[in-house]
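Below you will find the structure I want to go over with you.
Note that the chains take the letters A, B, C and D in the order they are written out, and that residue 1 is the start of every chain.
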Amino acid sequence: MYKNVLAATDLLSVCDTAVLTAAEIAKQYNAKLYILHVLESSYSGKYRHFVKHFKTGEEIVSGAEYEETVKEELDKTCSEALKPYSNYEIKVTAGFPWEETLRWARRKGVDLIVLGPHSGRAEEKGVARVSGTIGSTVEGVVMHERCPVMIVNRPIPEERLTFKKVMACIDFSKSCECALRFAIKLAQKHSSKLLMFHMVAVPSSPRYPQAELEAEINAVTKKLERFCETIPKGIEHEYSVWEGTSPYLEILKYAREKDVDLLTMGSHTREKGEKWYVGSAVEQVSSRSICPVAVVTDPKVLLKIEG
Amino acid sequence: MIDINSWDWDTGEKLVADTGGWKDKFEWVEEFQAGPDGEKVAAIVKSGEGEFSVCVNGEPWENTFDKIWHLRFGPDGRLTCIVQTEMEWTVAVDGQTWENTFGYVMEVKFSEDGKNICAFIQQDGQYGAATNGEPWENLYSDMTVFAITPDGQHTAGAVRPEPLGEGEIFKFQDGCYTVAVDGKAWDKKFVNVWHMTFSPDGKKLAVEARSNLYDYTIVVDGVSWSESFPCVWEPIFNPKTGAIVAPVRTAGEWTLAQDGKIMWDRFFVQCWHQMFSPDASKLAAIVAPKYGRWTVAVDGRPWGTTFGDMVTDAVFSPDGTRIAAVGKEDYDWSVIVNDTVWPDTYDVVWRPVFSPDSQNIAIKVEKDGLQTILMNGRPWKRECEAVWDPVFSPDGSKMLVRSIENGKYHRRILPITEITG
Amino acid sequence: MAEGQVIDGIYFNEVIEDAGLDEGTKKLTPEKIERVINDVLKGETGARLKTYVDTCIHCGLCSNACHYYLSRDKDPTYSPAGKVKQTMWEMIKKKGRVSPTFMKRASQIASTQCCVCMRCAMYCPFGIDIAYIMSVVRRICHLLGITPLYIQDTAHSHAVTMNQMWVKNDEWPDTLQWQEDEAREEIPTTRIPLEKEGADIMYSVIGPEPKFLAQLLYQAAIIFEVAGLSWTMPATPGWDNSDMAMYTMDSEIMGRVKRVHFETARRLRVKKIVMGECGHAFRSVYDRGNRWLGWKMHPFYIEHAIEFYYNLLKSGKIKIAKKYEEPVTLHDPCNVMRGRGLYEMARYVVSEMCADFRDMQPNREHNYCCCAGGGVINCGPPYKMTRMLGNRVKAEQIAATGAKVVIAPCHNCHSGLEDIVSHYKLGTHVKFISDILYEVMEKPGAV
Amino acid sequence: MHGLYNFVRGPLAWVAFILFFGGILYRLISMLLGARKKDGVVFDYFSLYYGLRSIFHWIIPFANRNSRQRPIFTIVTFAFHICLLAVPILLLAHIILWDESFNISWWNLPDSIADIMAIIVVACCGYFLWRRLTQPEVKFVTFASDYVILAIVAAPFITGFLAYHQWFGYKFMLILHMLSGEVMLAAIPFTRLGHMFYSPFTRAYMGSEFGSVRHAKDW
């Protein structure tokens, strides 16, 4: 299913969960693993090669030598995760984490990107630019990347990476069709159970009449079933429609309750502001979820991933 | 060279393709390219979602690619482009790709007869050249300049055999760059190596080089001129004697030097694009005789007419008696022949073309978005969406004109009297 | 950075380690210094320098022009004339017989304590061009091999690749194709036409755009697409209009780089060159590189991004969908304001895009330099505090506007101001015009 | 004393004038020839309109930003330069000398006004001296020669003033006055006092570059 997996990490002192997870996944699929580290810099303009030395904190100009040092450091830090799996390559570069992630993903023909919840430091400083707006690495990558992006928040036990329970968050948008298709592929591969979820937005007050709510939930459940007609026979699946006010909270609650192994969501730049799953929901869910979150945007890429 | 005698010089007008209609067939049609003999017109087209192809005379290639760029006809009429499939780049010739693929293909050059197609390639972060798909055995961690012999048998590049890290200024100043010919590097290294020129027979190679931050010279097959200068520009070979001539700067002024010795007695504010007449009896260059004024100097004597913006594309007539060049003043382009400016100005003027008997000069020009052919100062009566450089018949009596008018690509053979009247 | 101290009898107002200067100085001999200084004074300069030196009456009126002087609590070693005193006057007086340490200090002053912004030329009653004098000092330092390390490395990059960032021949077209792909996701018809001979416009940018700021290429592609213009970008060296060799005064390389740029436009038979939001690159094509090559002006009309956007908005080729709401201010980059007088056009563009525009005081040609220009930021991390402490006035100027966004239509200004903003904790963002234009413009073909 | 007076008034005056006019001519010609040789751009970009535009903005007080930022200096420097030029040229005693020597004369300043103007010049010199001694940005760029130049400028006015008021012996002061005046005349072409002749050129060149090339103001 994957030939090239890329993990982006901004940590050097500890092995990032993104690297650990990506290494596990690469192992499963016998894929080549790329680990990208983008050097920390306080510049958001042309001087991204003025970077902060990871040991001294001093501002220096990055060069082949320093990149090599960082590479060795990263290799050492992650040796436990990486050594058993020799088919990997570490790339250290200056630039913007999200842009370099995209650049290397494209250059190496990557079909799965694994990220931490955010390349936090870049975000704190507000230095990652996304089409003129400020956002995190995750947002930048998700908005532009077309291969699935998996966001991992905390270490995932190996056995859970076979994704026995895959949850798909459905808001009936085009991009969540992609998410659904991706979830189906995974389910086929791992004989997983699919959990389709949708939240009906209810106003918190005045109280929503119960009857209306039930009627709506019924209607939406039907819609959800129709939407998910493409699920091939033989894949175990169930539908859930919950009421709530804040999608990300309900998604997280549901995922915890059902003990899902992977959450899939759709995200698409142009739909920003129209659908409630995209944008902030992706951001919120991915930064809080216990299980990995896979964000999928482009159906074309999924076609290329062989079942 | 190409035998243009074999081209059809009799059919007066031929509608080759309804290029305007291609837009209905394809989602997207890029710039048109016309074949040297005029029989073909081609463009990169988007043939489907994420799929590109090349349409020739209305028919797309069978192959499609993820990406295509740099579509050009070779001198022998073969149509080449740089293509990508499955993240790998290569060159496609008439729809057939080279067997080898590369990390990237930056540039494609043709031998004069078009038989050899040479490409500047990158493979696994290493750089070099490939001829007809065969890359050098040795590739280099960096290569910046790419040159080929006239027959395309040999390729050369400015390469850096050793690694060089950022900020290693002293190592750089010791010299890290050299020239690789067919993948084999010269022993001697330089601070910089720039423009390189092969001799007409392809046996010698002359390059511009800087031996430290301040001394510039010309290096021939690895051996520097004994003289160095504060700056030099690109060298050329005397086609008869094999001597090398390059513009050099001394005391803030420019002139020409031959094999290291100053050869002109005049100095100029600028001097470049030197060229020999076909019999090598004359040497001309584009010069600035005074600050901000440009003209052509023949054997060191500048023309009286000067232009403020630039003079470019100077061409010797086959008999060596005339020079035609393009001049630009206040952003208007015009043509100047032997110090006489043709009357009209244009938005753009292309390179002048002499007839084989040196009597006529034809040039592609553009004004207000319409292109036409200018001959001896008189415009052709048709104003076209696009025309290509005119080609004279071997006897000089006719001219091949390739053009697109109202969305139709025509190949026309005109008696030259049609324009000259 | 240590406080000022006297080394070998020479006063250094800042003591900074820089391998380019330190190692270079070690190789100097008094004879070499004397020869090079006199070669430059006699061979390369003439009446202009002499007249400037003879005319200056040491009145000190230029001091108020300099952001370093104002920000450094009026320390006279940072005043324009003070910098000439510590460099050129002494070289002339001693007929070149100055010490290696003196030259090291001279290089520090000329390369890192002067942004050659030319503001002082407007404060000298006689119009003495101190930036020119500092350039002559830099020229001498270049010939002596004592130029700060990182800008020297950048000059080497220009010499090898004809671009500023060691971008290799494949990386450039590859990045354009990548950004074209990205832009097509937004507007499917978008193209970045490579090597399109006969296009109306050649768009040229600076090396860092493909290296780190590919988004700007994306934005440019969208702007050209929406405006429906005939344009192209070269796939060969010559695409980069920047030129740090101009600031190290390696004039031969400056000329070479500019020649390739202009010859590329000529080869592509375009009608004009439009360039991205960069200031020093404009200077190098407009009145430095072209002049060294013998062009009184440039052989192709050069339209800076500000003028380009101005024309697009004025002609209605680009329309604004919804104005930018946050309060913005505008930084006037010296090279296109003092250097080209584009200030009214910039104000028109900003006012069209933004609902709340607040001007800095002083502004237009009197605006303070970003303290990154003139190659100073290119001298790298060792000089960061030189720039921070050297431009408090800019921070005060920005803070006084209360704006949330500083628009800086110049790469060096952008990066320099970003540093200022974070050092002085101003809490503002720095943006290019194109960042905002891209955000607020109508995009009819977008999906 | 009389012999000395005659020497100072006669041959020495001639020497001073020859040095002054000859020196100025020499310096200007060598500047222009030198510029033609190595700084050709100066002529290529020279624009009379923009050159004059710039000079105009700099000879009017408060017409440029720097002069507005330093009002006291501006007033002082304008007063100084006006008086410095007006007094020697329009002083009755000088005009009489011109009349006696060359039979030419012109309108003169009333002596009382000239007297005040001389005081203004001297006072301004005092102000400049104070600046040089106390203002760090001026002090830093001040050489010993700057004090000498200041003294050269102040001396004719001090001595002239003293001579006019016949303090410390009229004849002696007159000789000193003439001597100091001659020193100043002779010094102008060969010291930074030459800025009076150079500055229009430097200003006009900068004005031309700013105006016709850069399309910006330089004031």
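Worth pointing out:
Just so it is clear, a contact is a pair of C-beta atoms (placed from the backbone, for glycine too) under 8 Å apart; a residue touches a chain by one contact, two chains touch by 3 or more.
Keep in mind that what you see is a predicted model, and the values were worked out from it rather than measured.
For this structure, the chains sharing the highest number of C-beta contacts are C-D. Centroid distances from chain A, each centroid being the mean of CA atoms, peak for D. A separation of 77 Å divides the Cα centre of chain A from that of chain D. Per-chain CA centroids place chain A at a distance of 49 Å from chain B. Chain B and chain D have Cα centroids separated by 62 Å. Centroids of chain B and chain C (each the mean of its C-alpha atoms) stand 33 Å apart.
In chain D, the residues touching two or more other chains are 38, 41, 44. In chain B, the positions touching at least two other chains are 166-168, 252, 291-292. Of all residues in chain A, those that touch two or more other chains are 49, 61. Pairwise chain contacts present here: A-B, A-C, B-C, B-D, C-D [touch as defined]. Interface residues of chain B facing chain C in the complex, by the touch rule stated above, are 28, 30-31, 67, 69-70, 103-104, 106-107, 120, 122, 127, 142-144, 160, 166-170, 172-173, 177, 191-192, 194, 210, 213-214, 216, 230-231, 249, 251-252, 269-270, 288, 291-292, 294, 308-310, 312, 328, 331, 347-348, 350, 366.
Across the complex, chain B is touched by residues 49, 61-65, 109, 300 of chain A.
Across the complex, chain A meets chain C through its residues 42-50, 58-61, 94-96, 99, 102-103, 106, 125-126, 129-134, 144, 146, 269-270. Put simply, chain B touches chain A in their complex at residues 49-50, 86-87, 163, 165-168. On chain B, the positions that touch chain D within their shared complex are 252, 291-292.
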